[in-house]
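In structure tokens below, several structures.
In the two complexes that follow, chain A is the common piece, with chain B as its partner first and chain C second.
After this line comes the complex of A and B, so read on.
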């Protein structure tokens, strides 16, 4: 009814239409300024990390290198402890390990919860999901002791096991929903063709739940790559440090002096993979975030 | 780059349950198979969550040093905790930070969501820009902020001086108020995009007809916002609020990295104090007792928030 009435209300519609350009300009101006504010620190630290050693300690005014680009800050970080690449390798190992373990475990569990009936199924599902309400910060001390008992204290493997566990409530929930969304007929057809067991999961279901797997893997990677507190507590040997723990040591300084150039370089190395992953897989990130949030 | 767009199925993310007849037919054949698939997840959750949780409760009743044998001391840890001035101070500070950060994040998050909610040209780009700080970790963001707030090499002091706001360089991190606000603003910068996305999912679910009808009836922007938008985004708002409060109550990384608890040990959060007791002083039993208290507070806070929101729903 309102639709039909619209043409007969030109006096109401016209002023709004002519107001659009001004409104749009105002919108773009505001949004662009706010966007610049949000992006500025990120851009600033990347630019500052490329300043030569002589400039590295000075305030970033102007933020860009004035006496030519230089990778000296990264060089000094490479000279710290076992070297930047070693620590980046540690971080990458932990992040990839967590990603793979999380995907494996949550796909299996999602399949089990979606397609099978078994004793205490409800209880098991609630148990896994409810861990999201317990902050892991509050169980860090016993985790430390358990990993020590398993001979995994101060190891990257121990960290992977812990990180994967932290990802499980979200990941199992996501994968259960992904399997629930696959029509039964597809499985029935494959079963008629003689596909069973794990082959069914990998070759028939696998491609269909791929978007869910990407979301789950993306969150596992980013969270493991960025986690600080557990790594700080569980890793005591400097050569095992992940990047956040290493950079905290760099930032604490040696002999009271802080090498801010090295901090900028380290922050850049930590940020870039996250930003690239997010920009390329944004769709999966937002899907995971809203799916997890709506729950 | 397409920018952030919310999937249209966002509100129906919970897929319908598996139809019952199919399950029944498979019940007899695969009674235990499902459990095999679920087992690895259960092992991890039990081993690295359920057991540690029970251990925390058990340890809190002991004097538990790092080396040597733990000794049963009953509720002595809890009694000591009762008069632990530092812990209650840390808790009070955490509450103060939670109020400041939550208010800031909800306001900025909602403002950002309102700004870029409609599918306009470039809206996706702006959303992505606002969201970028969310994906860099708290440790990276804290280190970045530690540099920007540094008096000699950072940006803020130098910028304030250049604009003539301050005489000479002022060390932001040397006194409590500027240090506290510097960290809080960092958190708002880093997390506002996250709450923007959650609130946006609520805003986009409001039927445009409602707002249009109110507009035709002569309701101004503020009236429409107050009487139509706000009530309709109550659910995502509640979710954002709970995530924000429980996240802030567990704050550690930024206060540890940027301020190291200073100035004058006044920015030590609850988790920071537990960390100090457990892993600096190695009073593991006492740290466990503190953890139990924090856990109880978090559960109570979540229940209160859920209750408040449910009540308001019933009243309507």
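After this line comes the complex of A and C, so read on.
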């Protein structure tokens, strides 16, 4: 409490009426509107899933419960076929399998394309990339026939192979870029330190390309988790259904009526792993891990 | 505790290095043309040369990061030509530091030993001994991203020390540092060499680094060795104009001249010249090299060259006078301490025959 400090006190105590500048207010307003736009569907789906059974057959507008909350929709979902957990398990198996296979292959391929010299490397890379341009729906029939020949029709393993194949061109591209971003000298320093082959990939490169691996894995997981058409075509046995196919089956309720409640409950359940993944992994692909390596 | 440190090498134990006809081509581009070089154990050797002459390539061949196209490399009497970098007994410090960004300083330094499966206690002891030498102990838990440039370079050197190599390889390790830090690290590296006694090979662009650090300088040009020798030897007794011009700053003056009876003639003026063992093969036209500090004002009556000052550069300890001699041949001379020459001043300058170096038209030294 020295004298010199006193003059600042009334200044600080004065209410800051004109404190928030206009552009800051506009910024916050815009951000709030955009956030609301993105959050609205999620909120509406969750609310709709909580409509009681009496409302289930009613038209979907308004989407929120009007006569009290109820979890009956989840009950009906659970009662379908082998139970919700079984189908969630199917989906999880397919999504995780696709993720692991995609990461394994794309990391190895990306490493090869980034660091090794081999004949027709450029051509091979362009060919891989060009398959992104082919809509996979157009090759669904031949893919189905190939899987049938391999005895993999109507199996989750077949679905994993299919998803991983579709996921790979983009993932290989991503991983090659991730490896390209790692300075060569780090690898050379590791070679001097006696690191070769797979240990180089795991101990030296691995941590540096982690953001790339996370991105590739996340995309693979989400795409496999949400994919509908191929699963619908490939899976005929009801006990093998993945969640999107289950949704389709649940939708067509008795006597042609659409069970909107169960569908919304299913969508809510399907959202959970996606949200969890994004929230836990987002920092990985934001953070630059190579900071401080060179220069 | 440093005295008993396991990483201090007795000079007698330091390994020498031999290159025999080492050649390197990248595809159809020949980068090194048959390099022969012997380096004694414990020697500090500096590779210098213009950009793109193959210094880094030669260092990387020694390290084993590139394969030789032809020739052999032995380290400590052992043929390492086909060995992995980690089995050659070398350690390398890169220009860009090349630290592992995801590991702490201690992790960076101990990574090689960890990969070799050495016991944790031994790794820790070695890291601490190296950190002690380089004053890195307070930083051991930091990540490279949390260090300054100079500290990163010390970690990179520490990582090399921990490997306990026979030969240290440095590729322009200080060129990313600012001038002051560079001087500091240069002295630190010299001290390190004195202390560890290992063989060290050091690539640099920087003349001062080369002159101050080296026991032996290897001057390279376009993939060939131009001359090998102690700094003073290269400075005083260059084999050719390229070496003469490359070592020393400002450069040695080169004057077109003719051999005449009793000396050399430059633009009509005759100076006494050093004797030659044999007459130059290609006629009387030669090139005369004189270092700026060897040119002095002539005493009255002494044979001399007329010099007109155009620009003066005052550097504190010395002043360089730039101008034209004998018409319009550019020349630099060292100004006398205390005198304050101005542009336009005319001087009569000369040099002692013992300080003159003669070269033939192709630039080869005439002795």
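Methods note: the second predicted complex is superposed on the first by the 221 of 295 C-alpha atoms of A that agree within 3 Å, B and C clash if a C-alpha of one lies under 4 Å from a C-alpha of the other, contacts with A are read in each partner's own complex, and residues count from 1 in each chain.
Basically, contacts are C-beta pairs under 8 Å (C-beta built on N, C-alpha and C of every residue); 3 or more make two chains touch, one makes a residue touch a chain.
It should be emphasised that the depicted structure is a prediction, and the values quoted were computed from it without experimental measurement.
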Task: Partner contacting more residues of chain A (chain B vs chain C) - done: B
- [ ] Go through the superposed model and pick first if A:118 touches only chain B, second if only chain C, both, or neither.
- [x] first
Open item on the list: Applying the document's definition of touch, where does A:138 land relative to chain B and chain C: first, second, both, or neither?
Closed with: first
Open item on the list: Tell me the contact category for A:28 with respect to chain B and chain C: first, second, both or neither.
Closed with: first
Open item on the list: Between chain B and chain C, whom does A:204 touch in the aligned arrangement: first, second, both, or neither?
Closed with: second
TODO: Using the superposition on A, tell me which residues of chain A are in contact with chain B and, in the other complex, with chain C.
DONE: 289-291, 293-295
- [ ] Within their complex, state which residues of chain A touch chain C.
- [x] 183, 185-186, 188-196, 199, 203-204, 207-208, 289-295
Task: Interfacial residue positions of chain A with respect to chain B in the complex - done: 2, 24, 27-28, 30-32, 34-35, 38-39, 41-42, 44-45, 48, 56-61, 63, 104-106, 108-109, 111-119, 121, 124, 127-128, 131, 133-146, 161-162, 164-165, 168, 172, 177, 180-181, 184, 222, 225-229, 233, 244, 247-248, 251, 258, 260, 263-264, 266-267, 270-271, 274-275, 277-279, 282-283, 285-287, 289-291, 293-295
TODO: Name, in rising order, each residue of chain C that touches chain A in their complex.
DONE: 63-65, 84-87, 90-92, 94-102, 111-112, 115-116, 143-147, 149, 152, 159, 163, 176
Open item on the list: For the complex, give me every residue of chain B touching chain A.
Closed with: 1-7, 10-11, 13-19, 22-23, 26-27, 30-38, 40-42, 44-53, 55-56, 59, 112, 115-116, 120, 122-123, 125-126, 128-133, 135-140, 143-148, 150, 152-155, 157-159, 162, 189, 192-194, 197-198, 201, 209, 212-213, 216, 236, 239, 243, 246, 250, 252-253, 256-257, 271, 274-275, 278-279, 284, 287-288, 291-292, 294-295, 298-299, 302
